[in-house]
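What follows is a single structure, and I will ask about it in a moment.
In this document, chain identifiers A, B, C, D, E and F correspond to the written order of the chains, with residue numbering beginning at 1 in each.
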């Protein structure tokens, strides 16, 4: 019966995917109508140059780094490639084992393996999806709405394909690690209660239908890039996106058994500190890697990342110390992640003092969002994916519009007199939240119909480890 | 005096504690134990190796109390710890001949 | 008495090593006779250029990377060097803490420190052995059978010595990390029952007498390289080698007490997931680093590594889910390691679609090897070193011959009409298995005579941590 | 009341800092008098070139790496930058999660979160302090005693600022990670008994008043650099400095409750092995990164680091095995850290054989320092910060003077006939110990007056986790 | 009814469980404990510090049973838990005055 | 024979062990337990969620001894385990009807 159910699920999965995708490519769909307005420059199928993220494109002219300005054909730079290979490893490190440990330490012991399983399995799943279609949807040109099918199964990606000064293979893998971590971030919001089969189905749809399009809009030459939204390394694409999807998931799945009435404490914060530390270290690849070169832009991105993170960590710690009497290690690591999330969109645009301000704002804002606000609103965002990622992402995207320094990222912000940038940033935020929330909701409801989203009460009480995976930590 | 040893499901601990407290019982001691009984165990699978785990996590509560409180305590525990499914647990009662409060040296009922 | 025993052991160790080495250098030995056929090009003692791995040599001409083709004297490239320094760190990360955690989590709690000790001590031991003689045996030129003594104690390795476009010091250390991890991989097969003194003696002999020669054959200009065996990053040298040595060890030492009759479950799979994750991340250095440059070859190697790993992880997970009803985290990480092992020899030769196929094959093959096959044959390969590494290595080396793409690695495979490559690959596998099995067996028997291989029953029952190392995890 | 106390503490902190700093900049102070002797070449406020570490400067002429010798203006090298970005990430990895795990595993379970908190909070704190003033004090030129205020808040650090062939932003962040780890290393010495508020106050003063000046003396063009003290990556600045500060702290705070009378065993050495492993891996960034380029100097530094570490690990292991009958994992990792500490100052100056000798000496010396010597003297340096870091640092700095090879680092040592170098090295050691001990002592006494250094007995007994941070590991 | 508390070596647990099951005893409760006795402890060594650990891991099994089964149970446990070396453990027997099965409220022998 | 169950503060274990040893008592068994009583608990805080933890770590020592040793043992334990603050713990005494040493099969007092 289980087998039967699984087969049905697999079939349903295929069908759903198929159905969902028809409109994307059908010429009569709304999508395509919007797509009429598209200008797709230099799109020759054979020698296609993958688009650089908008962020990079925006930065290039202003930066002092010897980036191709007049030269029509950039050549491979081993230094840039070395850094991007490293950055790819660093961003993968953020998810495995970074998020495995960060999230694993925060759940109860009976659910820690299920959490690890979710993180690891999504890593595998999104890798394969990205190779099959996700990369093509996000970065293969296409319209301002979605890429096309030119790079499905990475066809056409040869040893000669370059993306700027690095091999396309490196760019593709680097971007893959972003697609992975965004999906994995979400699971913290509805930890300890989702069926594993449901998760796999949901994430398949989410990665292809939510992540890839938004990545395309912001980094793949899509309409948000065209609108001038500044998002260096993923305030919208990664953090707001994951945070909003998490919140929708937490609301649709409902609260954990016992939430509000019994203690659900983290079982081992040592793991979480180790995980947060790896997230921090790996984030150098995330942000400084988003410069797609080993130059001054990467250096400054690393410096501002470090400063924002530390400041936000201290900000949360002192907030808690003053308000609750004790500074906690869960608090300081939460603050650090908030600081990392907030500096993400800004890291190619602001200077160290801007980073200090952004870190401070993110630490304080996320502290309130994850404590008072969550309590007041009553939803069970178990590991505060919304309270930390969506909030810090929002703070960061807005403040990028405020603190952007023309001499660094090529675009001035509010403080340099360009108040309109803040409005553009708000537009980017609104689009991301709206699209992500709606599609996430639909996907969850579909999956609920197909296999059901939530484990039964006995399984939840005994723990997902033994029930879903037949394993325990002794 | 008597000692009640109640073996219950772990997630019922908070409720039992509250129920006893409501009876005016001010102290108890909790053990994490594993129980073997009629309740079916789980299967764990590690690569090729499959194990049936029939020792299940339980909580044992020790409460020492005056003879007069025993029935009330049994009732209270039985009521809140009951789910009706196999594995709810047992209550054992045994005699205690002396109680000492270490802090004060008090003995007997007043030491509780 | 303990002191006495230890001194005897030390003496015996020295003598054994000495005796074993005589044949290697004696002109009347069989070894030397085979060695007659050697051609050792450009071997001037002073300005010796260490051979690049055959894999690289084979790749160079075909690749688009600006690698020295006509230029007689390559110069140092800072980008290549940066990547190789990083890769060295990544490969070390695979062993410590990668394997420490991966293996440590799978043993019972009473043996976790002993496992960590074995991994860490072998790391130290092989480092020193490699510096003294191992590197010279493997990479100093010599014959097609074994290197010579030119680089013992790294003599002659100056700041000016280059290996291709990177300093020789970097190449030497990078290769050292391969020697380390291969030795450490083995211990999983006979976990929980070997004397530590026996392990130290065995590993000393194994590293010098098994690892270095095989590395020489495949990467140091030896006869397997000459035969055209394709092994980019170590399918034979590392994975088949470690897996076979492990199996021989498991057979010679016998089963753990209680194997088959009582549960011997992993004590903390969170550690194992963290370890597997670090292995995955570090493997980027292992495979992409084996390009010994930061170019398109490295980029493609990283991309195919990621794809094979993810696919194999999913393959094992779904096999288990369908056959046993539950997908386990131990399963998916085992599959991922299988995918990593299988893509290792192929990573410089195949394209993404090839990687997908290799991953799928490895996941399924290793699943059956580590479950049904192991059960059927009845040996106690405790952590499935044979079932995962030898099997995935074999699958990978064979499929390299099938999926090799001329445009990527310079050599076509079966699918491009070069069926002979598969035969060459099988030859490489057979030689590796045969040599490794025989010498490993002899070494173990020798060590058994000298100090005894196995701890006594009481010690095994109480745990190696307290008995061998006087420490416990509380 | 708590709030009141905290406000007073904060105020006091500000005042103390202010008072302490007056002499530094006051023209009538002793400091300034010494500063008269300064020559500060090329110090134009606008286009300031940050000084390279003395070590590098010394190395440059001798090395074969194409480092700017005649060229007046070095340009950005992407390979060097790639390696320095990576090195920065690696050194951060040493502290978080490296030291978190290494130290966390060695304390009792009730204090593990407090230890993690100390490591993480100091990381945040020193980041912000370094950005505000620490970097400027250490590296902004100024006198031979202390830098000036030119780089406070990193003002003037633009995208164009270079430090050698890398962006100044990278150099600044790389050096920041050294400032972080040095401060964090200290806390092991007085683990399990310090108030968190006291720690924050103390570390603020220590980082600005002890670390920055000493870094300036040795690496920022200060008087120890001028005297010719060789310290490639921080034997004096990092290891002796942290070790001495730790010892002073252990003496001022007094022993842990129960020290000497009851067991205080490490609670989970698996964490410590993982931490030591990350320290080892990260140390490649520390030592090879101190070449500030991706060339032969970095390669050799990595090679000697690996060799010294392994040798010292084995040395400690065999010492323990012979003297106590059992080799322990705590022993071998302690030895490895000793080997890392000792090779730190030497890593740009010695060859592999020198590294072997240095590792051997460090392993044996630190073994005795952390066992017999500590027992004999009776102080409670809880995690042997003095016994390992100060001792290995001292051994390393002295032996750098012995084993320095002119062909590698540009300066000959005793074995090449330059006996005077050993005296110079001893001078460097003496100055570091003296200055560090005195200022550390004063700072601790000040903090004791302001908030008190030590938690009360009940809190110490119950554990710092629940008492100071309101969290526990379940 | 009586309660048997058997303190045994941890690795004997499975055998004892099986032996009791063979006698028709359907339930028991297991505690992980540390025992101090004649059995010699171990020495742990952490850098300079040497500790004698004389609290050794043991398992305590509680079985409540009818008076008539006590001797058989003692015999069964004694037999399988015995290795002949110091540290095999003890069996303690004490009276139980009441047993309740929480699920059903049954009392006495039928609650077992 | 009698069984003494002493619930004490964890850090007093070594002292109590020594004190009992001085009385010639050669064996005991230690449980890690959690106690609820008059002693105030702690507050744990995890982001927004605040929990009062009123189950505090305690150690329970079981010692079975001859009737004649009971009073001395109670006195010894009371003395060294006392700190005078709430939460020092309790001593419970109950009858034991039989003792067996598994290794030898000895019964009664000589089995201790």
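The criterion applied here is as follows: a residue touches a chain if its C-beta (ideal position, glycine included) is under 8 Å from a C-beta of that chain, and two chains touch if they have at least 3 such contacts.
Not measured: the values here are computed from a predicted model.
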Intersection of the contact lists for chain E and chain F: B, D
Reaching chain E from chain D through chains that touch each other, fewest steps: 1
Matching chain pair for D-E (criterion: over half of the contact pairs shared, by residue number), options A-B, D-F or B-C: B-C
Residue-number overlap at the chain B/chain E interface, same or different (half cut): different
Centroid distance [mean C-alpha coordinates] between chain F and chain C, Å: 53
Geometric centre distance via CA averages, chain F-chain B, whole Å: 18
Shared interface positions of chain F, touching two or more other chains: 31, 44-46, 94-95
Sites on chain D at which at least two other chains make contact: 77-80, 82-83, 86, 265-266, 294, 324, 326, 328, 330, 470-471
Complete list of chain pairs which touch one another: A-B, A-C, A-D, A-F, B-C, B-E, B-F, C-D, C-E, D-E, D-F, E-F
Interfacial residue positions of chain D with respect to chain A in the complex: 2-3, 6, 76-83, 85-86, 88-89, 92-93, 96-97, 100-101, 104, 112-113, 116-117, 120-121, 123-125, 127-128, 131, 153-154, 157-160, 166-170, 172-173, 176, 196, 271, 294, 468-471, 473-474
Chain B - residues contacting chain F, complex: 3, 17, 26-31, 64, 94-103, 105, 111-112
List of chain E residues in touch with chain C within their complex: 11, 14, 42-46
Contact footprint of chain A on chain F as seen in their complex: 44-49, 51, 53
Footprint of chain A on chain C - complex, ascending: 63-66, 77-80, 82-83, 86, 90, 109, 265-270, 273-274, 276-278, 280-281, 284-285, 288, 293-300, 302-303, 306-307, 309-311, 313-314, 317, 321-322, 324-330, 332-333, 336, 351-353, 356, 407-408
